[in-house]
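So, here's a batch of structures to check.
Two complexes, one shared chain (chain A), two partners (chain B, chain C).
Right after this comes the complex of A and B.
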């Protein structure tokens, strides 16, 4: 039985909470923004304008101010070790806010919303809620907090996926997402409970200390890490936890697809890195008695399977969104490579790759939306002749796809370069992983190039040569994304230095 | 200077971007001006070049070296990439060749009618990237240029190519990317293994990498890591061999050539293939000299296979362009054979052969393009007796064909002779050279045979043209829907005559090219001379 805390204890708890609030300002600000959006939606109901979108954009942009101020705060835990603030977390705060903003921008461009939904309603509020949830994922340092933040993200994501209520595919996607999500959360919580059983702790750093001092049963440990991996693997969309992603990516509103494929995946990676780096460190010989398998081997397995499966299955896709879904599975595999090396360079490479993936994937989906606005289709066959009728969109999409393949002079190339550098810095140990990585990226060239192939090499089936213009703001935005992809591919030092700065994780000592 | 020659076409491309796509003539002229300016720069560079400086491991000329990217790399230290350009005897010949072929390519592109704007933008991007490859001395920079070539080439074949262009374009892209991704891994491995003696940092500089004492013992490609050094050499070699293309990686080339429009075939055969052997000379061999020594025999054998197999394939072709494509494979075999000899004669011959192959094969493809434009077919059997109706064309074809088969007095003879002198004087390659000589016989066979079938004799009953009796009472031939001049017109002469002149001049007096080469080649041979790695 728990005893009620004494008055003095309550005083100290309150004092601690008050001290912690200072570290939580961006999250509070975003929560207020969330409520404000709901209120605006209630007040301004029925009005067909971009008021909500603009408010969301401005509001999200405002949060940069509060996040920026957190650089001055010392890294550390607060809220009784539930929550952590470090450079690593700050990186993801910027990342998620920025991806939320991009999601809003591309939603504004998507004309499908005009036909599918009468009122945009709570859509933008949910995007903000998801930003909050993902930020909390990146900052959680406690099993309970991890679970709560993941569920917050998942539930908002389910709703957003099924946002086109009258669209059967959208609803189907939401249901599939929900079912898979529920199962993998369940598995993950089971894994957490085993870890709690082993260590009697929920804080990641304390778990690590407990494991180091008291030892553990390796069989239980490997079993629990496997279960936890089911939860994280589902979020990052890695094989074999990927089954939801093609259907969800295809069925969901395209801005949500882009948002999920970049931000939600990144949140999964943030969590995965923090959990495995801090709670269950890999010391090379810890679990060797169990078939030599530990979580690192599991991650290697996941990574290899994702790279091969994602890239190979994408070869047969006829729908561009589905193709990009499989490509995102493959990219999860490349990102895992950076985690596997388990050193500062690996973390830097992973974070850098996330940045590059952010730019090129959002860019690709943005163009896909603009094209769908004009042609009403996401089928590869309907991309024929688009290089002529939408020249800028065609060029931009080609640049993003080249970047996704990993060819210079684009950002995606540098991402791959960093990942492979991290692998090769370990000598010949991970050479075979690097080989699989580059071989599969050659495969990926084929399916990515199917899109430019249809756009440029094949004639449109409609013979009239009319120009389809997506409108000036969209053209400019698209051009900016394209130029950034190339610019950062040639001058990537700022991004890389930022990634290095951000690789510092509280409570972590990597060798 | 070098920056200018590299980026002039890209600047032209940006200018073209601003020109409305209906102004086809302006677009062409802008491209031509850029190509001519490139040519002028190439001549200036050539005039100012001091052939007594060796290059390879230092003393490059027209050096431009500025820090490009410097960043902290995890716990590893800093990553430094330099914008590092320079030429030595090996690259300067290629720079001149590239400028020449680019300009001729623009002239040859004059007949392109479809999407002219897009065509020339891609063409200029390709021209810049090619030039960049030849002058880059930083591996990272080289790799960027190398990969940037792929995409324009893909589109140039894929959009402006023949009926089977989709297949040919993606085959080209996949093949070359397959080769170059391994290069990426080797590049990263080298970076971790080499220190720049000047700064003490890790470096991508090819100059620093060419000196074996700069390698770190125990690093992945350090001098004591024999296994990985062999692996790295082999994958790099395959990467470059795909570009050459060397048997058995050659199958993309005939497809690409047959589908590509004439100017792109010219660029492909004239410059792009040289990048494969140039990469071997600049990167593959000097960085791994001990592995090169161990594999000279194998390289020689592959060279011989290229020569003979390419010639046999050429002999069997019914399509003239495909025949020229295979002859191109066959002639690149001489380059490989010369390199495998490993001595000055062989290497000089190889490099001279690269230059000559560039000019001669460009000429061959241009001539094939001329007849294809008129007849819309390239089937050898569809022609016959052309010599009496198109005398100027027949004369130029004869010069080009004879240059290709190595007739004395034309440039191809000197380079092939040097290659054989080198190959015979090396113990390793002597038996291979004996077999390879047969290649010359087969080469003569397919070239003379095609010449005979197309130009001599009478018009065949199923020929691609009709015989008409003109107003003057003489017989003329008439191509269906060809409005232009029957024999070569001014533009075609402007493309071909410079090449013919160069071929004849360099066949009589090769010193302008050889003089630039020799110091660098001697230095290269010295760098490649057997070193005992364990002593480093």
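Right after this comes the complex of A and C.
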């Protein structure tokens, strides 16, 4: 049935592969770093030395050089349409490498690692592997590549979540993450198989062309879109695919919680945008014969449900990590608003919001770790009086939380402002969505402000006013994050310009 | 009658739809973590049958390639899943998903 390729064909395939490698250098570099870290771990045993962490930090920082060089390359597909390079992909490359570095910094500060594990082992190597996987997620332009990169990220995330293997909560979180993840990725692959059946293509751009020229069965299309959405929705943690997230966020080691809630979510959004903007038809009238539902209305449903559910359920949370987990569900809803807008302004707003979420969420988790180092607890009640005993940590956490609510003068305010103004720029059509967004932000004010309330206005139970200092490097790092959150809230032009520059997606036929 | 006797694309798709249904049923109703993971394997194999059937009737090679990768990924997933489940068994002395709920507020 299939003939063997001739010699000339093989030569041309090899030549094409060789040409493609030039576009793949950051990923190759990061893979080498991954292997190097495993070797270093084997050679230099021992928990206490920070050799591995420093190597990871320096190595990840080194990849900026290679990513920066890619700005000179033309946007396009390579590796036979498997992989794509464009400004949108570059944005996420920077984003994931930076979040990997922050995850390493936060891990170095977390003292729970000293008591829970004998040796840090492959931990840092897995973080690098996850960076590679997420970069591939943002760059893949083929259903096969999407599936493989998503599984690479998921598998490393399962292991990292259960990294405290003698800790019951961490292991349980890993099991829950695994079960939900396996089911949703299975459903996603089934959806892919239906799309392959409809179009006989796996490349996103070719799928789009095929659907446009030959038409499709709307029922099959909406069914496969729904199945694919199960996979993506799980990655971004949106309702109703969110069941794993509170348990996983609470049980996982806190640096991994921060890493998952920012980077893995952003990778899901990158995929979601690329898949729905490029592959699936979006002229609006395509599905009208099936109850008037298309993928856009599905996303609107997801977004509204996430904003309401995340913000309302967070009101009852007593554990700060769990509270931030519900808040991250709500933020997935806000980010989806930017995707629903479906134009350049919306993409820019989503990317900008991701940047602001990156800074404030990592900051908040960093402070939570520093506080847990001193008090050994993540419960809201144990935050009483911390404003006096840890003044800088209290101030920093308050700034991050104000930013998460979306109040000026912080970065989070600008992020929400951009999302809502992108919605309103579409006309009155999405006015009600913006209203729901604003109303739920008001609800979120209550539970976010519970934390500063406990820290500043309620007395500590212990009645001992001793100063708890998290150490000089941690103080400086915390202060830098705090100042950046406020600084970019006032002078946001560079970030928003960068987001605008990055909103160019290869093969986009949207406008 | 001819519909039933000559095997066509629809036969493959029906079997794969049944497999998907069984897989989802196992995932939703079973309490044992291992059985839940077996349900996931059924879902993945339903997708595989789809890919191979479409590949056979569309004439493209992509579906075969996709199915091969899904098999590899399923093997890797089983390795990680069993490691996690064994660890769970060591701690909780059970692999019953519903009884492992220390993470409730």
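Odds and ends about this structure:
What we mean here is this: the second predicted complex is superposed on the first by the 510 of 511 C-alpha atoms of A that agree within 3 Å, B and C clash if a C-alpha of one lies under 4 Å from a C-alpha of the other, contacts with A are read in each partner's own complex, and residues count from 1 in each chain.
Criterion: a residue touches a chain if its C-beta (ideal position, glycine included) is under 8 Å from a C-beta of that chain, and two chains touch if they have at least 3 such contacts.
Since the structure is predicted, the reported quantities are computational estimates derived from the model, not experimental observations.
Looking at the shared chain after the overlay, A:453 reaches chain B, while chain C stays out of its contact range. In the superposition on chain A, contact is made by A:187 with chain C only, not with chain B. In the superposition on chain A, contact of A:162 is made with chain C only, not with chain B.
Of the two partner chains placed around the shared chain by superposition, chain C is the only one that A:196 touches, whereas chain B remains out of contact. In the superposed model, A:174 makes contact with chain C only, not with chain B. Shared-chain residue A:144: touches chain C; no touch with chain B. Residues 2, 143-144, 147-148, 151, 155, 158-159, 162, 165-166, 168-169, 171-176, 178-179, 182-183, 186-187, 189-190, 192-194, 196-197, 200-202, 246-247, 250-251, 316-319, 322 of chain A are the ones touching chain C in the complex. Of all residues in chain C, those touching chain A in their complex are 13, 16, 20, 23, 27, 33, 36-37, 39-40, 43-44, 46-48, 50-51, 53-54, 58-63, 65-66, 69-70, 73, 76-77, 80-81, 84-85, 87-88, 91-92, 97, 100-103, 105.
Taken in their complex, chain A has these residues touching chain B: 343-349, 388, 398, 402, 407-409, 413, 416-417, 420-422, 424-425, 427-428, 431, 434-435, 438-439, 441-442, 445-446, 449, 452-453, 456-458, 491-493, 496-497, 500, 503. Across the complex, chain A is touched by residues 69-76, 79, 115, 143-144, 147-148, 150-151, 154-155, 158-159, 165-166, 169-170, 173-174, 177-178, 181-182, 184-185, 188-189, 191-192, 220, 228 of chain B.
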